[in-house]
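In the two assemblies presented below, chain A is common to both, partnered first by chain B and then by chain C.
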Partner chain A sequence: MNDSTIALNSPSALWAGLSRVPGVAWILGFLVIGFAFATGDFLSGPNLLNIGLQSVILLMLALPMTLIIMTEGVDISMGALLTLASVVLAWVLAHDGSLMLALAASLAIGLVFGLANGMLVAWLKMPPFVVTLGTMGMAEGLALLFTDGQSIVVANDTLAAVYGGSLLGIPQTLLIGAIAYVFTHWLLYHTRFGTYIFALGGNPDALSLAGIRTNAYLIAVYAFGGLMTGLAALILTSRMSSGHPTAAIGMEFDAIAAVVVGGTSFEHGNGWLFGTLLGVLAVGALRNGLNLLTVPSSVQVSCIGLLVIVALLIDGFKGKK
Partner chain B sequence: MKSTLRIAALAAELKTIGYRLAAALAICVVLTFLSDAFLTTNNLMNVLRQASLLFLLASGLTLVILTAGLDLSVGANIGLSACIAASIMKLTGSALLGAACGVGIGLTIGLANGLLVALMRMPPFIATYGMLWVVHGITYWFMAGTTLYGFPPAFRALGSGYFLGVPIPVYLMFVFLTLGAFFSQRTTYGQEIYAIGANREAARLSGVPIVKRLILVYAVSGAMAGLASLVFLARMNSAEGDIGEAFTLPAIAAALIGGTSLFGGIGTVSGTLVGALILTLVLNGMNLLTIDASWQPLVTGVIVLLAVFFDTLTRRGEEARK
Partner chain C sequence: MNTASSTAPLLELRGISKQFPGVKALDDVSFAVYPGEVHMLVGENGAGKSSLMKVLCGAYTADEGQFFYKGEKVVIGSPADARAFGIAVIFQEFSLVPYLSIAQNIFLGREFPGRFPGTIDHTKMHREAKKILALLGLDIPTRTLVHDLGVAQQQMVEIAKALSQNARILVMDEPTAALSDRETERLFAMIRQLQSDGVAIVYISHRMAEVFAMGDRITVLRDGKKVGSLLPGEATPDELVRLMVGRSVDRSYARNFCKTAGELLLEVKGLRSAMGVNGVDLTVRSGEIVGLSGLVGAGRTEVARAIFGADRVTGGEVLLYSKPHQGGPDKAVAAGMALIPESRKAEGLALIRSVCDNLVLPGLPLAFPNRIYKATKARQIANALIERLRISTPSALRPVRLLSGGNQQKVVIGKWLGSESRLFIIDEPTRGIDVGAKAEIFALIDQLVQQGAGVLMISSELSEIVQVCDRTYVMRDGRIAGHLSREQLSEENILKLGVQHE
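== the complex of A and B ==
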């Protein structure tokens, strides 16, 4: 009796177990297996390290993007802002030579844009995607004006050491990425600020009725995004040894894709930070694998778009079950 | 009774457009004083030609925004449609076939947007923003860094030709203004589109087929982008992968300046025409005053923010009065 019930139940139990595995894990698994077969080098140690290193900049955009999307917002100015901050950082470094001052300038630019986005969204109740579309145009234009369309090349050993250096045998870039992740995790799951972020997307009215200054928290979320973008500019500039006026244009799309693939929803404040980490790795693996297959960068973007649709389909399919 | 209502509606529309026309005139007066080159037939025709291209793109977008949606893929759409049309024309030598393919590609992209938004229920700005990059990638892959140029004279007339001294795109603009105004104001489809934007739940309950209408507006927006790509291609006489990239923000700006509300349900196609005129005048003025072209995205960004700001203020004012 018991045995037959188990026998009857086991396929559906297996199905239930499988359907609990998030879509992003499926995607990451498929990508890794697929690229391992399609290319010889994908699973080699140096290449895996490479994927990790290249994903750190994306992670630093995707982490705050997760929080922003959880408040039912979005920030599509991040790529242009990263570009602008990188250009400013390179310029300060080329003229002054102090890395601290350059980083401060980059963080300041990030903070100003983040605050502006946040204030327009929170105080004026303007739709986030249009606000950030407008500031995206402004950041893009400023980066072009600032550089006259040319690269600012920086030959600076301290800067190069940021991306290339390692601490206790671990690449510094990976450490920065890990610290950013842990910090954001702490912020979201272990502080009152994080609790309010969940509430901002879920039920902002209840939050303000409880006497909480929702606007201040909303502005802080966007400001956090700006600061992280400013910090990411340090890694980007260090990797390229230059500031280029179109370096990271469109990178916010990779970040949004990583967040969405990672299972964060645009409605009701449903966010999952670890999913974003997996999503970043999925986008990183996809880019890297397609690079190994010498697929041009423009086509990679199309593939990321398809990745998003597949992820939504998997999660939508599971939602109906 | 019905006719008085109609007259009242027309008067309200004239009033909203009147302010904007006055603003456009004011810009003209200022520019006349600032630059000698402004008030010349050549320059004015140039302004009209540019405004008509922008209008063709923004008119379809206006319908999308009326449903409280957004289409961020129109610029990328122009790129792919223009490049495919160009290569078909180069391959077959037939302008008509090329033009048909251009509009067809635009329509296909629009349909894809509509399916993502209406059937998969993705937020419009995310679906069309994703589409932007997908289409962008396909265009770059398709062109592989090459440039196509030199098209049949009959085709080029579409963008650079004149009839009775007026550029041909301007005639297109008036044709589609009439079509758009009739479609949105005088047909059930149009009224249903307004209803979806004004109150989606109420529209659904009163039997508006929301999925079908949403797919329709995104398809129209895509097809209009395809058409605009032809006009642009005919004027440029060359196509590259990055053609059309700079169009998305101005198109959104034109619709918003023209009084279309991002929250849906408010706005007119004729307003968008005036919006396109105003934006073109501003950019033309910057050109004449020899301000670096790098300032243009910056200024357009600020204009978009201002337009949304006023839109939000108006909406909050109306809500407070209720």
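== the complex of A and C ==
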């Protein structure tokens, strides 16, 4: 799955994407140049690797978030779900479960929440924002209940090796991120499922008139989000060597920001996966650069908010011309 | 080409009836299509053409009636059934997905399976799509996103989609509405080719020239009934129009027509808007009800919205009470103009609020000059209006959504009685209202003009325009196609102006 197959199979999608590149590419370029001047270390090898490593978890939320937003939905429960999955994973390991068992538990939690989100949205026609607000509260509360508000510390070498280890000289975490990206790309551009995601946002009536059971696919989109969140919990827990009850609270904000900065629209199924990758890197670069400048995290959130607005302004301006 | 009479019908509908709450959309309609014929379906707005089309494609289930496919009795109860018999429909609202490619749209839901389960064979899909586009004489890359196509090209993709399903019966709803002359020619050439391949085509049109140029047979619907089935040689366009309108004229809304109109309230010169108003001139004087007629899609509502400032005006001028007027709806209301919109539930009413709240809303500045709201006074005003308008509601505090359609409409119109407005633009005042309430609504509108107001009334129901209006403008394609004085007003004359003769 290299660039040429992308071009071969969806050059029109790529072209539509390319005409949008400037929005997010301008931002990414501006951030990189700005931080390179403002700090000494930003462009150093270790720091760039750091940005990459830190961005993988965000990418794993932003990828399914792109698909969900393309169906004119949203999933704001992701941050809370990631947190819950992480503490469950840590708990299983802390009680001498195997890493596989822990991962299975994490994925199961993700799947259950994702299915619940999808079924409520598809069958009961409830607004995705409200549905996932509800499940967000549930996941957040369960994480606190489960841990009694304390971190579950895991001293487990196998777990530590997930985040820290390398394969053929490439950090494992980056490999997982790359696989997640390629898999999602394949899903969106090469399968019926992906085609129907475009249709779910663009013209669901056309899809049901074509005899497709739209609800099944809508539920699957949210379920995919839950599974990816469960997988991301493995990396998060490994990185922190613990399960913390508020570890990833609010992370859906970064994910939605990355998707929007990347040029995916909340309307008409107008999505672009590569843009999301760039958007994730932009958010990652911003967080990292501001950290180097020792800007407090509250201000960082404001900056990401500003980033979203600026991205929309640039794209809106281009759209007008 | 036309061997229709010698062969058996491909599809036959017998005695189809379809009832909706309050209206019989189709009443014992029989209809047959033969292979290789273009069957024109004509009728006024609301005559039942769309309903018949939806029954044909399985989107509606008929209450009564039978289907015969090649002489055998069959059941068409769902879109899937219709597809199985080779029936494909091209709706006016397209069923395309904007951010998928042409090829993906053509084969939506019928993708060619790739090597792995769930994957798509893109190579084959684009190859097949290209073949179909070539049949239509289209040379657009099949990877182009539908979003990047013009309306005409989108229409062609719709047709390609229908053809790819091996349609034997192709239903088209006003297919040329969005096409240029050249594109229309191309479409007609394609229709002729399909005809020679034995495809039956059901073609809905308002354009007389098309009906006579392309049709092998014409079926006329009126009020849900079939009123005629004829060959193009058997009638002139004028006779066809007469058949569409019918002769029965119901004079139930008689009013005293305006003898001498008062001062000029509204004058519109060369108005153009971003939504397709294309140079409109009209006037409304005090004491008259002026109709704005034309077929659906002619641009009537768009004119109303442009005058009111709800759509962006791109040219021309509006004189209100002889003063130049421009700006958005807030300015229009402040200047004394009221727009009573087509969809009262979406735009005209705060549904969950009480009758009282809705009634006093436009008159608030007048009733409470010092800007302090007093509930008792508001109630008094509302009760007076309720009595005057004969709105049936147990109390002024009842939420509007619980009232009947007719009473809701009285609230929508009545609320402006308390304001300073003298110019009213009323869009489809009787949509979804029963006959009794209609008469009361018209009495209310009459009351407005008796008090010196001027009304511009948009209606799709020609009989209403004829009975109620002092004079009318007829629109076509975003322009005023003609003006009819009281003496000239008849449904026939409106239709003659509203349909395209060429």
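We take it that the second predicted complex is superposed on the first by the 299 of 321 C-alpha atoms of A that agree within 3 Å, B and C clash if a C-alpha of one lies under 4 Å from a C-alpha of the other, contacts with A are read in each partner's own complex, and residues count from 1 in each chain.
Quick note on the criterion: a residue touches a chain if its C-beta (ideal position, glycine included) is under 8 Å from a C-beta of that chain, and two chains touch if they have at least 3 such contacts.
Everything numeric here is computed off the predicted structure, so don't read it as measured data.
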Contacts of A:164 with chain B and chain C, given as first, second, both or neither: neither
Contacts of A:301 with chain B and chain C, given as first, second, both or neither: first
Touched partner set for A:199, first chain B, second chain C, both or neither: second
First, second, both or neither for A:209, with chain B first and chain C second: second
Touched partner set for A:126, first chain B, second chain C, both or neither: first
Partner chain(s) touched by A:136 [first = chain B, second = chain C, both, neither]: first
Overlapping contact positions on chain A, where the chain C interface meets the chain B interface: none
Chain A-facing residues of chain B, complex: 70, 72, 116, 120, 122-123, 125-126, 129-131, 133-141, 144, 241, 249, 252, 262, 292, 294-302, 304-305, 308-309, 312-313, 316
Residue ranges of chain A in contact with chain C within the complex: 8-13, 16, 190-193, 195, 198-199, 201-203, 205-207, 209-212, 268-271
Complex contacts: residues of chain C adjacent to chain A: 79-80, 83, 94-101, 104, 108-111, 114, 118-120, 122, 141, 143-145, 147-148
Interfacial residue positions of chain A with respect to chain B in the complex: 74, 76, 120, 124-127, 129-131, 133-138, 140-142, 144-145, 149, 250, 253, 256-257, 260, 266, 296, 298-306, 308-309, 312-313, 316
